[in-house]
Structures are given as C-alpha cells and as structure tokens.
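Structures for review follow.
Consider the two complexes below, in which subunit A is the common component and subunit B and subunit C are the respective partners.
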Partner chain A sequence: MITLTFSFARELLGRWGLWVLLGTILVASQASFDTTLGDANIGPYLAYVSLWPIALLFRCGWVLRKRQVEGWPLEEQLRDPKGYRAPLSEFLAMLLLALAGVILASVALWMPGVQSPIGGTGLFPVTLQGHHDGGWEFDLDGRTPAGSMLMLTLDWSQIEGSRKQLVLRNADGGEITANAGQILRWPLQDQELASGKVRLYAPEGTKLRLFKPLIRLEVPQPSGDRILVLLLRQLLFFLPLMAILLALTRFGRVRASLAAWAVFFFGSLAAYHPPVRLADAGLGWLAKTFLLLKQMLPNVEGLISSGYRFERYSGTTTSGALIAWLALGVLALLLACKRRAAR
Partner chain B sequence: MSSPAVLRFEKLVLSRGKKRVAGPLDLTLRAGERGLVSGPNGSGKTTLVLAVAGLLAPGSGKLYAPARIGLAPQEPEFPLHHSCSFYFRQLLALGSMPAAEQGAALQRALELFHLQEFADRPIGELSRGWRQRLNLARAWLGEPQLLVLDEPQTALDPDGMASLTTALESLSQSAVLIVAPEGVGCCDLAPLALNLNIASRTNTAKGGLA
Partner chain C sequence: MNHSASAWLQRGLAVWIALAVAATLFAGVRPLGQTAGQSVQSWWTARRYQQADADLDLLGLRDLGQRYLQQTGDGTPLHFAIYQIGFAASGPSMNRLPADALDWARVGADLAHESIGQLPSPWESLQTQAHILVERVFPLSANAQELDLGLTAMEWFLASGGGPSALSNLTGLAYQDYLDLPQAARRTFLLDRMLAESSDESPAQLR
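Moving on, here comes the complex of A and B:
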C-alpha cells in the first residue's frame, strides 16, 4: 500500500507539482498580508491556500483518466480481486499531498519577513428586514456562529419622560434591559443562530428608535493563532470530495476528468453562499435553486469560509453537520473500493 | 491422480449485449497444462479472454477461473512514462506481494524475456517487439495460477518466440490458455483445445487435453 500510495502521489505531483504548491503558498503569503488593504487578512490567505486542494482534485481527475487509458483497470481487476488497494492508495496520496499543503501553509507564516496574519474586526453589517411599532425584524443572512451578538444603537431622544432603561423581548420570550447611552448587545438564542432571523420588541408606545446604519452582528473573534485549525478544517471539507471523485470514477464509471468537474460543482454547492445582489440581477431563481440543493447537504459552509467575511461563517458548522459530511466521504470511499460485477 | 482443474467452462455461452458471440463451450485445463483456443476473426476469442479475466460476465453456463490470472492482451497498454521496473513494482504491490519478495519476482519476469537491460528505461522508448515481450513478462509477473495469452506471437522476432517457448516450458504449476486466430503459428506453443470456428458452426464444442 505504501508503494502504491507514494507512486500515485509522485504521479499527482508530476514534474511541476511541488513548484505549484510552493508558488501557491508564496503568492498566498505575499498577496494576502498587505496590511494597507485592511486588517482581516486570514480570510484572503485561506482563499489562496484553498487553491491547492482544488488543483489537486483536478490533477487527480487527469491522472485517473490517464491511468484508465494506460491499462491500470485491467491490472487492478487481475491482481487486486478485492479492489480496495488502488482506490485507498489514491485517496491516501491525495490526503498526503493536501496535508503537505496545510503544513507548508502553516510553516510559511513563520518565515522571516512574513507578517503574521491577524483576524478581522468580527463586526458585520446586518439588514433590517422590517420594522413596526416598537419592534424590529433582522435578517442575519444565514446560520450564525454560536456566541454571536446583535449590536444595536438606539435613539432615546423620542422617549417620553426621562426613562433610562427599557426591557426588550424577542419572539420566544427572552428579554434584555437596554440602557440609554449604551450599545445594546443581544446574545443570539439557538433558534436565532440556526435560522438567521431575529425579532426584537420594545414595550408598546415607547417610541424607541434604531439607528439603521449602525446595526452590527458581532461574531466571536478567533483567539490566538488559529490558522492551523482553520487550514485543517479546510482539509476536512476537501476529504469527502476526494473520496467522491474516486467513487464517481471507479464505481460510477464516469470519465475521471468529467468527474473532477462534477466534484468541483458539488463542493461549490456545499460552500455556496449567494451573492447579496444576485436577486437584483434577475438571477434570483438560480440562487434559490442552488440554495435548495445546498439544503439537502450538511451545512459545511463554515469549513471552507474564506475571504473578507471568513469570520462570519467559519464557526457555523455544527459537529453534527461535520460528522454527516465526513460520513458522506466514508460512504463514497466504500463505494470506490467496491468492485462492480463484470458486465 | 490428476491435478485439480485450474480453468473450467461448462456450457459456457459468451454474449456481448444481447448478441450471442460463442458457445456453449466446455473446457478443462489443469495445472501444468496448455491449451490453444483458435478461431477466425469475430469468433469470440477476445470475448472469451475478457470472460476468463473476469471483465465480462458469461451469458450463461459456468466458468471457474482462479484468483490469480496473468493476462497478456492482444493490444497491451502501458504507462509509457514509467520505467519497466518501477511499473512492475507497482503491479506487484497491487497484488499484495511483500516488498522483500518483489525484487526476486521482478528479476524473474524480466529475465524470462531478456528485458533486464531495459529495466530502468521508460516503457515509451521500447520498440513494438520489446513492448510485446514486456506484455508477456507482465503476465508472468507474480506467478499466476492461470496465464491467458491473446495472440502472444504478435510482433515477436525468432529470439522473442524462443523466449516465449522457454518461458512456457518453465511453468509446471500454472495452466496456460493461448488464444490465436486460425493459421497463425501458435500450434507449437500449445495443443488445440478448442476451435471456436467449429463451435460457431455446430453451436457446441468440447475442449480438453488428453
């Protein structure tokens, strides 16, 4: 198995693979650590580094296709009747190279001259979906990390009398005391975290107002150097995709290069987050279709979250969703190892 | 007491889709025996090879084949960028041969067909004839219980044919099934066991070796 794994890894790397990996890390470390662009540079780094496992998926599709025309399926059939050595070694080879990417991406941060990336502000604008007398409805745009808070700046100038405190309630009966002159920080409840919808009510007739441009969602800040954890989570996102590629190629008998594209689409779907203005562009139906399909999959968007909003979604994957996603990978790997009967 | 059968067909019918290609066929090959399956083009020789290798399900009838089969296909495919020895080591690993035994098995297969001097060259650099030798050496690799050789004489020079004859004579524990068209010089390699031409005309054929 070791011989097969290393030889497949060697084939995956080819002549330029190692240089591509080093180049990716170099570009990632140089392009994403420009502090003049802003503070939140972990997200861009994660985005650049994710190019490596994506490239690995496509490269694997190409190599598997090449192997199909080099007579490997025949030899596998003859020499490995149980049919698990080749697919397992291919999976291990991809895992090995993806892990090498994670290690290099972590080590790159310790290189001299590289500025250590820092987390974002943890603050994100929130849409006020609707408001009525003494109440507001907020749309947080999807699942929200546990421990997040809704930050509201209230206008007390219209309040009758000289009241300095008011009790606000949500739809489930939770309440919080708002103090005049202070930002209200509403800790999101489980239901609100899951649905991304919040309704808050002020006592009727109090004329409490809200400064709409100042509504913010505060998500928990990454503590210390969390990059290795984030990179490993990214790896967990890609592992099932690698297994699915093998299952499609071997069990599904799909042309490997085509299977790589199918897996890329599937992964994109799992990570899909609609652009804010897609509906305005007349493509709302497309976004809705993608979202509908995405809802059939475990919510693993948080594993692959990157870019300037990475903190907003990185903590949104629950343990249950993660286990379901990995189970999907295990199932795919079992299918890849299952030899289909001769036709 | 005769040795147990390595390969056996009983009323084997070969089909491609709904089209019946050959059969019913009967044949028994024991360890150390060789048999030639002959027939004109389109009589189902390659279909038979695929069925024996487990790549094609028989239409009907029974087919007993061993777990370890070495196959030299008529049109061999190779990873042309690999060296012969690197490729063979991977095949041995695929067959779960322990690493300690791989070197000896590799040497044996290469020596049988005088491929030692090409061991470290990329396969793509080999001529057609040497690739055919490599094809045969690949079939011999890992000491299979049954060797299936589809037109093994193709592209071989006299020296290559001599190597093939010697390699066949060196086998004592394996059965060999050779598939070749009628009139091609494979009669010296193995006695005729099954004629698919007769099989297609009479719709039945029984093969076997005395």
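Moving on, here comes the complex of A and C:
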C-alpha cells in the first residue's frame, strides 16, 4: 500500500505540484510577514495556505477522473479483491501532501527577514439589539470564542448623587461592578458564547446610559506561536472533504471532477457564516436554505477561519463538533472502501 | 450502488453545484479560499495607502483608509488619515488660508464622526475628533455647535478612561472629577483640560 500511496502522491503532484506549493508558501510568507511588505497578521497567511488543500481536492478529482477513463476501477477489482487498498492509499496520499503543506508553511516563518506574526485587532463593533426593562440586549453575530468580553463605555453624567460605582447583572444573575471612567469588560458566559446574545441590566432608576457607537467585542488574539495549531485545524477541516470526494467517486461512481466541485461547495457550506441580516442578500431564500443546511452540519467554521478577521470565529469549534465532523469523514472513508459490484 | 442510482446521484450533485454557484453569486455564500482573494486585495490597498502617504495625497489617504477598514476591520490607517486631514493639514505650519484650513479640518472632523461606529478601536478617534473641532474648526468658524460636538467627543473619551490601551488611569480619574462638578462648570473643565493637553503635544500622542 505504501507503493500505491507514493505513486498516487506523485501523480497528484505532477511535474509542477511541488514548485507550486513552495512558490505559494514563499509568496504567502513574504506578503504576510516581510518587514516592509507584510503586516504580520496571521489571518491572511492562513488564507493563502488554505489554497493548497483546496487545490489538492481539485487535482485529486482530475486524477481520479483520468483513472476512471483509463479503466483503473476494473483493474483494481482484479488486483484488490477486498477493495480498501486503493481508496486508503489515495486518502493517505492526499493527507501526506496536505501535511507537507502545513509543515512547510510553519517552517517558512523561520526564514530570515520575517516578522513575528500577530493575530489581528481582536476588537469588533457590536449591535445593540434593544433596550428593554432597564436592560440592554446585544447581538454578537453568532458563536463567539471562549474568553471573549463585551466592552461597554458608560455615560454616568445623568446619574444623580454622583455615584461612581454600580453593579450590573445579566439574565442568569451574574454580576459585575462598573466604575465611572473605565470601560466595563463583561466576560461572556458559556450560554452567551454559544447563543451570541447578551442581556445586561443596570439597577432601576439609575439613569445609567450607554454610548452605543462604542460597544465592542474583544476576542482573544491567537499569538504567533499558535500558527502550527491553526494550520493543523485547517487540515482537520479538509480531511473529511477528501474522504467524501473518494466516497462519491468510488461508492457513488460519479464523475470525479464533478464530485470535486460538489465537495468544494460542501466545504464552503460547512464554512459558511451567514450575513447579519439575511434579507440583505440578493436571493434571501437561497441564503436561508443554505443556512438551514448548514445548521444540520457540525459547527466547524472555526477550523477554517482565515483572513483579516479570522480571530472572530477561530476557536469557536467545540470538541463535539470536531468529533462529529471527523466521524463524517470516517463514514465517508468506509463507504469509499466498500466493495462495489462489477458494472 | 447500481448504475441508475449513480446517474441520479450525479444529477443531484450537478443541481447542488448549480445552486451553490447561484448562492455564491447572489446570496453572499463565500466559497472556500475566497479570503485569500480578499487578503490579496487588502494587501494591495495597503501598498496604495503607503504610496498615497508618500505623495501627501490626503483624499487618497481617506479613501484608501476607509477601504482598508472595510476589507480588514483594521482602522489604524483611517485614524492616521483623520489626524493628517483634520489636524495636521489645517495646522499653522501648513500656512493655508483660513477658509482652506477650515475646510480640511471639517473634512477630518466629519470623517472621525462617521467612522466612530466602524473603527475597531474608536476611542483614539474620539480624542482626535475633539481636538480637531476645538482647536482647528472652532477658532476659524466660531460655531458654538461645533465646539459642543468637540466637547461631547472629549466627554465620551474621558468616560472610556482613554480606551482599553490607555497607559494610566489618569483619564478615568479626570472623568470622575468631571462628574463631581455641577453641570455649569463641566464645559469649562473639558475646555481647560483640552487646552492643557494641546500645550504640550499633538492629540495622537496624548493619552
């Protein structure tokens, strides 16, 4: 099987694959972390590096299609009666090449003339959803990373009696003391992190007001030394997609290049983060349908979070969701290995 | 899986791809890898911003700073543009005609006002807005509304304690002193504080 794995990996790489990978990582590291050209942000680098496993998916679809045309499946049935060696070797070859991308992308940060990476601004504007019963309701726009805080700037100028301290409560009875002249940092509770909704109440009749344009969400900024972990998370996102591609091609017997596109959009659905107001999207019903489909999948958008605002959703994937996502991949791989009847 | 089931699956996948392409084009669904394209755009905007800075193209700084904020969520270039347009460009060292200096100062103050809700860290912009309005706009326009707007911005800035990256708690303590005063004396307090600040340094360096 090792021979099969390496021969498939060689076919995936083709003549230029290795140079494309090295070139992509070199350009990505220079554009992101060069002392004059880059802004040292991890997010764009993650985005550039994620192109490699995406390219692998399409390349794998192309190679499998070529093999379908050349009659490889029939040949395999003769040579491999149990039918698991070829799909497993194909999966392993993709895994090895994706892992090579992760390792090279990590090593690239040790090159001379590269700045230490940082993780974005960590601050995001928040909408005040409503103002009810002396309380404020905030919409954080979806699941939020653990350790995030809501930052509120309070207006004390209308409070009678020159009070400079007040206790604010949330709906679950949690409390925090607010001081005049300080930003109030409300550490989000588990329920608030999951739902993305926060309600805070000031004592009744205090006339404490909120400077609405200054409400911010502060999320933890991943430090530069976490880049290997972030790249490995990306890899975990792509593994089930690779397995699904093999399952569709082998068990489903569909055209491999078509399966690659289908899997690409399936991955896009899993990584989909809906706009704040779905009605703003051109085809609102389509956006709603996609959102509905996405809710059936484990929440794995935190694995593939990249770009300048990557820290907003990075780390929002729970262990349960990750296990479910990987289980989906295992199931697909089992299907891919299932012996098919002869055509 | 028999042959007809495969054919149906293939048709189903084709429909799925067609729907997904439509959703990508018209319903805001982002395909995998799109952030890489956005990152390249942002990178290019940052390079153009540097060029505009080197060329002293103030309106270019404004436009590119706004675009960079939209693309990346990073407001540092826009805040620098606000300072350059509203404070530096209208300062005495630029030797502009009063009407010209007032125009630039107003552009900077408006830009600061509009961007407060979008900047990730709006507190520094509040301070800059306050100084532009009080030190650049008001002396040239003598418009009391603009002075009030500047003092309000300073009040918000004090209430935030100087923002989350403030180096000391002096701004927060100043807000507590401000609250201890009767309503009538608060305006004077803010004005005195701003004039004391501006006698040493530029607002971007004040905290």
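As a working rule, the second predicted complex is superposed on the first by the 321 of 343 C-alpha atoms of A that agree within 3 Å, B and C clash if a C-alpha of one lies under 4 Å from a C-alpha of the other, contacts with A are read in each partner's own complex, and residues count from 1 in each chain.
The rule is short, and it goes like this: a residue touches a chain if its C-beta (ideal position, glycine included) is under 8 Å from a C-beta of that chain, and two chains touch if they have at least 3 such contacts.
Source: prediction; values computed, not measured.
The superposed arrangement places subunit B and subunit C next to each other on subunit A without a clash.
When the two complexes are superposed, the chain touching more residues of subunit A, out of subunit B and subunit C, is C.
In the superposition on chain A, A:F138 contacts neither subunit B nor subunit C.
Touch criterion met: A:R67 reaches subunit B, while subunit C stays clear of it. When both complexes are overlaid on chain A, the residue A:E75 reaches subunit B alone and has no touch with subunit C.
In the overlay built on the shared chain, the residue A:F91 is in contact with neither subunit B nor subunit C.
Once chain A of one complex is fitted onto chain A of the other, the partner contacts of A:T153 are limited to subunit C, with no touch recorded for subunit B. By the document's definition of touching, of the two partners only subunit B reaches A:S7; subunit C does not. Rounded to the nearest 10, the angle at the Cα centre of subunit A between the centres of subunit B and subunit C is 150 degrees. Between subunit B and subunit C the least C-alpha distance in the superposed model amounts to 10 Å. Shared contact residues of subunit A, touching subunit B in one structure and subunit C in the other: 341, 343. Across the interface of their complex, subunit C is touched by residues 31, 37, 39, 43-44, 47-48, 50-51, 54, 120-125, 151, 153-157, 159, 162, 164, 179-183, 211, 213-214, 216, 218, 248, 251-255, 258-259, 261-262, 264-269, 271-275, 280-284, 286-287, 289-290, 304, 306-310, 340-341, 343 of subunit A. Per the touch definition, subunit C reaches subunit A in the complex via residues 1-3, 6, 9-10, 13-14, 16-17, 19-24, 26-33, 35-36, 38-40, 42-43, 46-47, 71-75, 116-123, 126, 155-156, 158-161, 163-164, 169, 171-176, 179-180, 186.
Per the touch definition, subunit B reaches subunit A in the complex via residues 51, 53-57, 67-71, 73, 76-80, 86, 89-91, 93-96, 99, 138, 142, 144.
On the side of subunit A, the complex with subunit B involves touching residues 1, 3-4, 7, 66-67, 69-72, 74-81, 85-86, 341-343.
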